[in-house]
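Below are two complexes that have subunit A in common, paired first with subunit B and then with subunit C.
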Partner chain A sequence: MESKIFTYINTSTLSREDGSMAGTNVAVESGISVANWPTDAQSPALENYVALEDATLILRLRNAGAKLKGRTLMGELGLGLDRDTCGDAINSGLSDVVLKTDTTGEARMAAAISGCFGFKPSYGLISRFGLFSLIPSMETCGILSGSLETISKTIHTMAGFDERDPSMDESGIDQAMSQFNFQEDFQDGPLTVGLVREWNTVMGQSGNKGFEQAVATLGKAGVQIKEVSIKDFSLARTVHNVIGTVEASSSAGRFDSVRYGHRTSALVKNWNEMYVKSRGESFGPLVKAYLFQGGYFQYQNYSAFLDACRIRARLIETFEKAFETVDLIALPVSGNYGPTTEKPDTVSDFYDIFSLTLLANLTGNPSISIPGPVNDGNTGPALQLIGQRFNDARLLALAASVSDIYTGEMHHEI
Partner chain B sequence: MLYHDRFNCGRLGLADIGKTVHLAGWVDALRDHGEVLFIHLRDRSGIVQLVFSPEFAPEEVCRQSTSLRSEYCITAFGRIVQRAKGTENPNIETGDIEIIVTDMTILSRSDTLPFSITEKAMVGSGNESESREPVSEELRLQYRYLDLRRPGMQQFLIKRHKINACIREFLDQNEFIEVETPILTKSTPEGARDYLVPSRVNPGHFYALPQSPQLFKQLLMVAGFERYYQITRCFRDEDLRSNRQPEFTQLDLEASFIDEAFIFNLIEELLCRMFEAGGTSLPRPFPRMTWQEAMDKTGSDRPDLRFEMHFVEATDIFKETRYSIFRQILQRGGVIKGINVKQASDSLSKNVLQNEYAKQIVPGFGAKGMTWMRVTGDKLDSNIVQFFSDQEQRAIIELFNAENGDVILIIADASLEVVNSALGRLRLHVADRLDMIPKNRFEPVWVTNFPLFEATEEGVTSSHHPFTAPDRMDFDPTDQEDLLSLLSRSYDIVVNGEELGGGSIRIHDPSIQQKVFTALGLSPHEAEKKFGFFLKALDFGPPPHGGLALGLDRVVAMILKTPSIREVTAFPKNRSAFCPMTRAPSRVAHEQLVELGLLDLGKIEALPGSDQEQETIDYLSWVSRIGFEEDERSMIQSALEDAVRMAKEVSGNAREYEPAISVFRGQNRFRKGNAATRSSFVKTRDLFKNTPFVKGDYFKVASILE
Partner chain C sequence: MKYEAVIGLEIHIQLNSATKMFCDCANNPGDDPNTNVCPVCLWMPGALPVLSREVLEKATLACLSLNCEIQGESAFDQKVYYYPDLPKGFQLSQAHKPLARQGWVEILDEQGNLKKLSLHHVHMEEDVAKLVHEIEGRVPISLVDFNRAGTPLIEVVTEPELKSPHDAMEFLKAIRNQVRYTGCAECSMESGTMRCDANISIRPAGSDQLNTKVEVKNMNSIHHVGDAIAYEIKRQIDSYNNNEPIVLHTRLWDPEKHVTTAMRAKFEGPCIPDPCVPLIVLTDPWLEKIKSLLPEMPGQKVKRFVQEYSLIHDEAVLMSSERGLSEFFESVVTLGAPARMAAGRIASQLLPALKAHGQTLADTSITPERFAGLIQLLEKGEINSNSAKSVLEKLFETDKTPGQIVEQFGFRQVSDTAELAKIVDKIISDNVSAVTNYKNGNKKSMGFLVGQAMKVSRGKANPKVIQEIIKELLA
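Let's turn to the complex of A and B:
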């Protein structure tokens, strides 16, 4: 069992017993560096790679006494959930927390599938030093756990300025940390949850009864429901796709088969051929198609990339405006397709799966998936809540209240 | 100002004392002694000291002299006097005299120099021992006209001129005629890439710059000139190498009714005269080696004969060996050869032999390994000597003529080529490392009778060019084995391991020429298309002829002992085939391309529809350096179609917004302090932990070029 969930199991039992994370078992997917652990992000591009040092966030967990359990499987280089086992690590009780990179919604989707909480923190709150995903501007360390309190504790431990990550937002961090430090009352007055008017226009979805019911339940419990308009909502997946592929094409440049990773065994005439062959053999079909799209935008249509970034700017602005009138924005985690670990065949399939989670990655907002409330037959039972940037502690607190409403509701029905 | 009575600075001497002279040149160096100013005036002939003193020069001249700076161009009148005892300067030719200036005019001023030009320190300035930072070659090339002002550089070009003059004089005496051949011509078969010149008058058509005047000189023989030569520029668009220029100068010559002996005689005499111009005499006659002999003895077709260390063929003594590595190689038809490094056991320790040579250096030469044996007393000493029988050990000592203190290095491989090539490079490496190569010695050798053809995947190709005469005419152009056994009537002149030139006796019989083309896989039609004009000429009574070309830049660089041919070239390109001074090659105006019809060219050639799309994939695969299998093509193709669609979706949207590259604009952060520090992973070598291939202190990659 263990060996099916973990590709590597930490046999060292050394951990501090006095820290805030003491006694917490933490599993880590293979795209996050842990010193002396195999760290191949499930890709031949990192074949046999053993991390030389801890990611900053790992170091902080270690110092706080967390017990590092082992490696879970992940989609190649963080793209999608093919063969992913992080949910199993929670469900089996083998770990209390799983760390999983979230660039398109992977951590939240995995949580939705396995029925635990999945949290994606604000971009720039937790150091990305030592993370291996393909899309730096959307990369965050997601957390899966059965307990919101544990998530909160884990985030609090990992967050904070790190000079080895140049994309950290110092003033944002200050704000977020003070929320964690002074557990103020996050809500006075009634909670207002925003519904994105355009949400079901994505993929021409025709309503989602489970989600509508979940919202209705909130209304009954006294939560104010308010419609907000996010004009570029239907464009978001395209924007994510364009920007994501360009960043991937660029950041995959480091996989050169020289310093690490798979080197072709074919006879090559020169180093260019060595690169072409080695890299051609290193990437799976989804990643490869993704990188070719990025190559197209990078080398043949760069203006499309800039245009996508302009739309991203407008999305960020619209989001900020929306949060002037609502506390949270609610969305399903998955659309009509339901959450799935099935292997997407094409980039387009991949985006079909993550079309509703990728928004928070584009805008950098914290987002959480709450298991249970969206019950629509076989489709995804999880509700997604998005909070304001660097209000991570507040989002977690509000998520607890929302979750309570549902557990209460369910008790009621029983 | 008139210059008709001008004297040369460097030619003045004690005999001229008392004369009043008119000089012109550049301020090489200045020394200000308060009232009196000394300057070194330099012209092409050399340097002489000028003295500005209020005692002799009018006040106006003295005042002007204070504004002089390095490299001002001036003219001066003055009287030659003998220097006071003890103030002579032995560093310059004219050090016994100086000029008391009575008049001076500044002809032009110089900006601050990018680097110092003067090579001679003024006596007493105390700068003599000051070691000067070497000026970067890039800067020298950018200001080449200043670089060439330096007397050393001028001497290189002046000597080159003298060598050229000596060539012309000698060939003229031997009744060679200098004839110029075209620069705008048709692609010739030297095998390197051509530089192409688009024709405006014939749109879509190109001239090629000559890689050599090969066909023209042969046509001059058909034309009956009997003896031709030319000092000419040749052009080859080759990959970058340190001692190579895209254009280079060749002494090209050809003669009729001659044989190899004529060429050997002529060129030996010519080279001796050329080397004498540089103060070196070459021993005559030059030794000769066949290509086979050179390969067998040194593993190289450019043998360096300044030292011995010839190969010893040792295959036979290991026929019955128990040593499994040798036995396996011999079973596969391999060979075992070695060299005896005389008296080297002090310099080549076991550690060096095993860990450096056997494990790293020799594998880098393409062989799988190397066997070494040190001779101690009359015994062999090695890590594997116990595998050899006493008889084998005695045979080794005898065959290699080994004595106490020698080191025997042996390479065995299934392929003779691998053994020769690796042992040849090892021979040079060891000789260089042990300083066995005498300096200032020149050892010429003729290497003759190269194979006419080399095997390729498709058949055979010419080793030189297809006009080289074979050693026999009765070959079967369809029999590959027969073709590969043919030798050519070719000859290379090699000095100190460097090929200075080469040539051959040519084919003059059209039927033999046709047979060679057939052997090369050229149909009569293709041969006609490529060389029709030349083949036609062979139908009109061509004389037997042959010739040779010398790479003049290399010869001159060798004679003048300069490290690079760039030192003997007035305006060379740098190692990237770029001229830092003119900044050639450069982009050209769109209109020029239109006028030359170069823009339309692509459109005509490009195929519509799917092929164009296929090109996009292949282009992206190349620029992203990501290969793909044919069965992935359609998957990538449809991903790219999606990308094109997505580009349309986002384009022109949100124009008024600045692109958000990230949610949060990244910050530049600088490491504290400004000293370079090494990652601790370098110190611990952990950096190499994850690399698939490591060699010593380097990441190992495929070679940069083929």
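Let's turn to the complex of A and C:
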């Protein structure tokens, strides 16, 4: 069983006994660098690639005593959940935590499927140094775990300024870290959860009874439900598609088959042919389609990319505004009536699955999927909560309250 | 029909920062191949570029020296193209938001009139790796040296308002002089720390249309740039006259054959904002700090040298042409040497001597103190012009002072009239025909006689005194 879940199992048992993460088993997907481990992001383009050094976040976990367990399977280059095993690593009890890059919602979706918590931290809180994803501006290290406390501890350990990552946000980090350090009372008044007025315009969600029930449960428990308007909500998917594919097309440029990765054995006339053949043999259909689209926007339709960037900036602004009146924003996890591991064939299929998780990747907000609340046999058993950027500790604390409502462990009103 | 050329230049200048642009590797591309490399500049997966503060400062200083407007916000883009010298598929450059816009330099046109040439912008850019092709063996191979990958460049882009090879060459010299002054770059086309691509098109004289341009690369000196542009203008005019269309492409200058040859279609790849390097926001206090680091530039210096030291304009231009030279000159003058004599001697003797010895002002043992000492001996008449040359030569060989050298090697000028009169007597009796010629009004014979006397004195005689004695004796 272990060998089905892990592509690589760490045989070194050496770890510190005294750190905050001592005794915690951490599995890491292969798109996150761990020194001397195979780090191929599940792509032949990185075949036999061994990381030269630890990602900063791995180094911090190591120093805090975490036991690095091994590699789980992942979708090629972090795109989608094809053959993903990170949920199995949690359910089997073989790992307490799995680290999984989340650029479109992969970590949260995988958690929703397997029935654990899945957290995507604020962009700029955890160093990206050593992460291999295709979409740098949306790349965060997501976390799966059965315990919110463990997620909180793990984030706290990994977060913080790293001079090797230029995209870190120093003042945001200060804010986020002080929340983690002081664990102040995160909520004095009643909790207000925002519902995006436009949410059901995506994928005709109006029939999503499960989500409506989940919201109703919250209302009964004393949570205030408030509608917020996110004007460009229905464009988010397209914006992610355009920006994501363009960034991916550039990011994948380095997979040239020269210094590492699969190289074609076909006879080639020149280096251009070698690139084309090698890349053609390496990438799977979804990655190819994704890169092709990016190339199209780069070469043929740059103005669409500029538009997407503008709308993205506007989305970030509207989000900020929305959080002036609500503590959290709730959405279903899956846009496609229930999370799925089905292999998407096209970019459009891929976005069908992630249409509701990708919002937090676009805006950089922290987001969590909570297992359990929504289960009517039609939708996936999970609820997504989005928090204010750099309020990660607060989101995790509030997620605990919300989760308690569903599990009935909560005996007093929030 | 009469045609005129429209020339735009793109000049890459390698900054001399200690490290590369986005990592801590040494900025020494000439070291043994692949010794100055790390995951960042090898562009390995997972590595992230962190812009060096020193590079940003030096780039800004260079832009200020070109009278540019530094932009409060600038950003890096990915210039996408695939080539083995760029194995990540894009180059970090600033296509949309350059560090500096506008700017200008002054040149003298062919008629000697001052002409202002405008820059469109200056941006920062990382250099790519270097390909080394080994074609000797049975299977030709190409090797990649990453020492140069990620080293810092600025690219100066002109408005297309240069008209002639002369303009282009003068422009390059002006850019080089200005940027070198800041101490941020060497700017040598010969050693590759300055590279120039020229975009050339032609049009009927007096028209303002912009026709299809041709890009010319591979010029390794300012002269090559002039030659290549001249060739390309002629080639394009011939094409027009033969009704051959001009197509957008890139040509290589062949310095041996003195021709340009077609290389490839000019490729303009897309440029998209880089998601990793953050927006560069420059604050006013920071910019003020960098401005305060800008040295006095040659233009101002020329004016001051004319005013303060009574140099004539050309002398002042020469003494200001390099920052090191101008500082050397000023030290020599401050140490007591008369300014014009110092300028003249530096230009006519010191600089050629340094060249002959393969030295520069920065590394020579001829300090301002030693050189000023030499000039002062000359000024006081203790040595003559001839001996001054010999003393300079000895200054290269020993570490003695000019005074010590004069004593040790007996360079002291002989001005004693009695001693010199003896020599003159001998010269007059030995050169009867010259004496006769002189008496018949041939002034040139005087020079000959003085020369003979100098020879006999083995160069030590004071030529002025000799001349007076001869005049007196032959009057």
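Note that the second predicted complex is superposed on the first by the 405 of 414 C-alpha atoms of A that agree within 3 Å, B and C clash if a C-alpha of one lies under 4 Å from a C-alpha of the other, contacts with A are read in each partner's own complex, and residues count from 1 in each chain.
One rule holds in what follows: contacts are C-beta pairs under 8 Å (C-beta built on N, C-alpha and C of every residue); 3 or more make two chains touch, one makes a residue touch a chain.
Small disclaimer: the values here were computed from a predicted structure and weren't measured.
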item: Simultaneous placement of subunit C and subunit B on subunit A, clash or fit; value: clash
item: Which of subunit B and subunit C A:48 touches, first, second, both or neither; value: first
item: Partner chain in contact with A:121 - subunit B first, subunit C second, else both or neither; value: neither
item: Which of subunit B and subunit C A:307 touches, first, second, both or neither; value: first
item: Partner chain in contact with A:129 - subunit B first, subunit C second, else both or neither; value: second
item: Which of subunit B and subunit C A:137 touches, first, second, both or neither; value: both
item: Touching partner for A:254 - first (subunit B), second (subunit C), both, neither; value: second
item: Subunit B versus subunit C as contact partner of A:363, first or second or both or neither; value: first
item: First, second, both or neither for A:166, with subunit B first and subunit C second; value: both
item: Which superposed partner A:33 touches (first subunit B, second subunit C, both, neither); value: second
item: Interface residues of subunit A shared between complexes with subunit B and subunit C; value: 49, 52, 136-137, 163, 166-167, 249, 258-259, 271-272, 275, 299, 309
item: List of subunit C residues in touch with subunit A within their complex; value: 39, 42-51, 78, 80, 82, 84, 87-90, 142, 269-270, 272-273, 275-278
item: Complex contacts: residues of subunit A adjacent to subunit C; value: 33, 39, 41, 46, 49, 51-53, 55, 128-132, 135-137, 163-167, 246-247, 249-250, 252-254, 256, 258-259, 271-272, 275, 298-299, 302, 305, 309
item: Residue numbers on subunit A that touch subunit B, as the complex places them; value: 47-50, 52, 123-124, 136-137, 163, 166-169, 172, 232, 235, 238-239, 241-242, 245, 249, 257-263, 268-277, 279-281, 283, 285, 288-297, 299-301, 303-304, 306-314, 316-317, 346-348, 363-364, 389
item: Subunit B - residues contacting subunit A, complex; value: 616-617, 619-629, 632, 635-636, 638-640, 642-644, 646-647, 649-655, 657-664, 666-669, 681, 686-687, 689-693, 699, 701-706
